[in-house]
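Presented below are the structures under discussion, each in the form of structure tokens.
Shared between the two complexes below is subunit A, which pairs with subunit B and subunit C, respectively.
Let's look at the complex of A and B:
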């Protein structure tokens, strides 16, 4: 049954997922070429100074990629379910409703994590051509809030899509916007290193909310 | 005979608007039950309550003895559900959707599904989103037949179907129900199809049940009488005898469960001068409209 559910979820997200994968490769290719160009043809010591002392973020183009990927994946996975109330077909399957919702979210989350792991790994590979490991470790801590924002946005958007009431959708959207905004307040490398455990807790808010809206959908709360 | 569906004192409001109040009905095993009514009388609301997709304001529905608000997975496996408009996963093709559902149902029988798909003469790789409404109805029906459920809940199967597809749908359904002794709960606004399909029916009016009996008994007992009147139009009112009436020019038509003699006495008692009173034969659809009214 889980394999069959995986198949259904994959059919919905495949083109979005492949597009996000290609987009991440394009961004990383751009970062690699820019780094190679700036270090070889401009002025390597000056570039190094900017990175180390002035906090220049050479991968800033990557900042919103995890967020965009999280939003795109939630839309691709949950809009077809809500269109014509198809989620009723899924919830009618002979499995407990909360288990089905949990499995769908977990499959989406794992897909997103795989995309993130691949993109981070490639970013580290690209950076390893030019920088020592200290810079590489800072990349992990600097990008971690961005990735967490993508996960929060994925949960949050799924919650907004499943919610039957438009008024509550607008309310949730405002909350999720505020939540996601928190992940982007840092201006320098590693600034959020101490906050990461709290961020991890924060992303569980929309995760729990998702089950709440799932119950509201099942109980037939009317759109208004 | 065992009751597959029991709805007791079912009441539902959307906000302040009452949909129905204290509605009671049962569906027996092996029967084809029609829930009929005009638009907005609560047919889809009842279907949603039966499938656990809506919590009623009051009362409860039981399917196979379980409250529909908490159906267990084994009970859900025994229920086939056709959504209004033959909604299915339109991003799948014929082959993918059969594969998908087959994993969830241990008694899955793909033969009836592919038999129906052969009739459509379309490629197995054709996406459901690219199909006509009639073709989608056959996919939805084929999937339910393959699931081989004990109970089918079909929400307005006739929506958007031309007469050919409607006929095909009914032929398959009635054949299947008879051969396998399955229970079918169906709603439809095309009443003429119901005549040869359903064993029992409930006709919903706004806020309550208008009628609950078999179509045969209904057709045997519900009458349409037409008469000519002289002078001014008669003052008719709905009551215990007159269920509905129409007045056009100098003709009045009354719908009633009363026999001819009874209606004649009734009209005389109301001092209505009538001539040429005739019983007009009706189809189930005409009788339904006669009972519920045209508006």
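Let's look at the complex of A and C:
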């Protein structure tokens, strides 16, 4: 059962997923090129000074990639489901309804995580040619809230898409937007270093929250 | 499960509301306090002020002395020759002597000191890599070296061009540090990593046993010296500033809100007379000239100026305060509307976190209003009230935020 669910989900998201993989590779290629170029034109010690003391972010083009990937994946995976109420058929399968919805979103989460881990790993590999561990660790701490925002947006958007009422969708969107916005308050590296565990907890609120709109969908609540 | 799911969404909504609603509110209603610029006249030995007043929203500068007398800009600047020496010299109005001391412009310039310490500057992210300048190159300009150092279980230099460790130099400095009694790893490293300074004094590094070491490079050789600053000082931050006076290396701020100068006299500490300094909310301005030091403590709702002589003995004080945000009408209203506020940033730190601020008890008035509104709403919808005690409790505790939350994520009755 799980195998066929995986296959069904993969059919829905494959093109989006592959595009996101390709996009991340393009972005990383671009970062590598600009780094190599800048280090040839600005001398390396000055470049380090800009990174270390002025907080110059040479991977800033990467900022919204995790968010875009999360949003794209949620759209690809859940919009076809609500289209002509297909999710209703899915939820009639002989599996506990909640289980199925959670399996879907957890599968999505893992595919998103795979994409993120690969892109972070490649970013670190690219950077490790030029910089020592201290700067690599700052990359991890600086990009972590961007990745968390992508996951939060994925959960949040899934929740919004499944919600049957349009007015509620708009209200949820405001909340999710506010939530996602919290991950972009940094103006310097490592600013989330001390609070990452709390922000990690924050993204699981819409994860469990999906269950709420799932029930509303099943009941076909169309209030207001 | 459905209850938990909804409850978590309510929590999320309450959090988001507590972050953004007060933020928008203050964007609409906050006003900036009119803080005077405070100076000290070396001629009349009194405080002088520049205040900004608004007529029809157009700002206008008022130049005042401590008796409230008003001056024109030119008169004002003449009373403060050490503050405006460049302007006065350019218009040939600089006095020949002040208080019997003959004035030499070069000396005036050399004695100008300005240091600022911000609360969030003491608690800020830092990549622990630093350039070690050559401090006795014999050249006028300081040159950025090609390697950066870190001090963990040894002192290592990494070449920025190759990203490789310079083993020879690393060994030289590590051995020298060990010989001076340094215990690895370093707890904190403070310096002034810029080439735009008159000369280089290197870094002040706290070792694993809280000993403070002075490390610099002199003609390619390591200079490592234990400053013998007390190890129980609990240093919170060091601001290093190479100044041509060579009177002090910089300022040390401690956990217990004391501020010391680290002097050139064998690293002796000189405590600044700042009993009201609080490193979490005070911006410290240290200004010096030929005759005086003016120390200014800028707090969220007060400003204190302390004038000392060159031996840091207090000569005069000035203090002014203005209404706290909470005391103004918008603040009083905010204490009714918002039970609490969450901010992502705070003046005490450059790290993003959830900074929680509880309002005054007056918020309960609004909470009760929203509670009643909820009860009425549930009555109209004919949903039982006793079954929804958790909703009611949430509205009572979180007021407006809770009401928004239960409005957006209404109950699903099974």
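To be clear about the criterion, the second predicted complex is superposed on the first by the 222 of 224 C-alpha atoms of A that agree within 3 Å, B and C clash if a C-alpha of one lies under 4 Å from a C-alpha of the other, contacts with A are read in each partner's own complex, and residues count from 1 in each chain.
As a convention for this text, a contact is a pair of C-beta atoms (placed from the backbone, for glycine too) under 8 Å apart; a residue touches a chain by one contact, two chains touch by 3 or more.
Just so we're clear, the structure is a prediction, and the values are computed from it rather than from any experiment.
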Combined model on subunit A where subunit B meets subunit C, clash or fit: fit
Touching partner for A:135 - first (subunit B), second (subunit C), both, neither: second
Subunit B versus subunit C, judged by how many residues of subunit A each one touches: C
Which of subunit B and subunit C A:157 touches, first, second, both or neither: neither
Touched partner set for A:80, first subunit B, second subunit C, both or neither: first
First, second, both or neither for A:219, with subunit B first and subunit C second: both
Geometry of the superposed three-chain model: angle at subunit A (Cα centres of subunit B and subunit C, steps of 10 degrees): 140
Touched partner set for A:123, first subunit B, second subunit C, both or neither: neither
Contacts of A:11 with subunit B and subunit C, given as first, second, both or neither: first
Partner chain(s) touched by A:3 [first = subunit B, second = subunit C, both, neither]: first
Nearest-approach distance, in Å, of subunit C Cα atoms to those of subunit B in the combined model: 8
Residues on subunit A lying within both footprints (that of subunit B and that of subunit C): 219
Residues of subunit A defined as touching subunit B within the complex: 1, 3-4, 7-8, 11-12, 80, 84-86, 88-89, 91-96, 218-220, 222
Interface residues, subunit A side, partner subunit C - complex: 43-49, 51-53, 98, 129-132, 134-135, 138, 141, 168, 171-172, 175, 178-179, 182, 185-186, 188-195, 198, 202, 204-206, 208-212, 215-216, 219, 221, 223
Subunit C residues touching subunit A - in the complex, by the definition given at the top: 1-2, 4-6, 8-9, 11-13, 15-17, 19-20, 124-131, 144-148, 150, 158, 160-161, 163, 193-194, 344-345, 350-354, 408-410, 412
Interfacial residue positions of subunit B with respect to subunit A in the complex: 14-15, 48, 51-55, 73-74, 76-77, 79, 81, 83, 85, 87-92, 96, 99-105
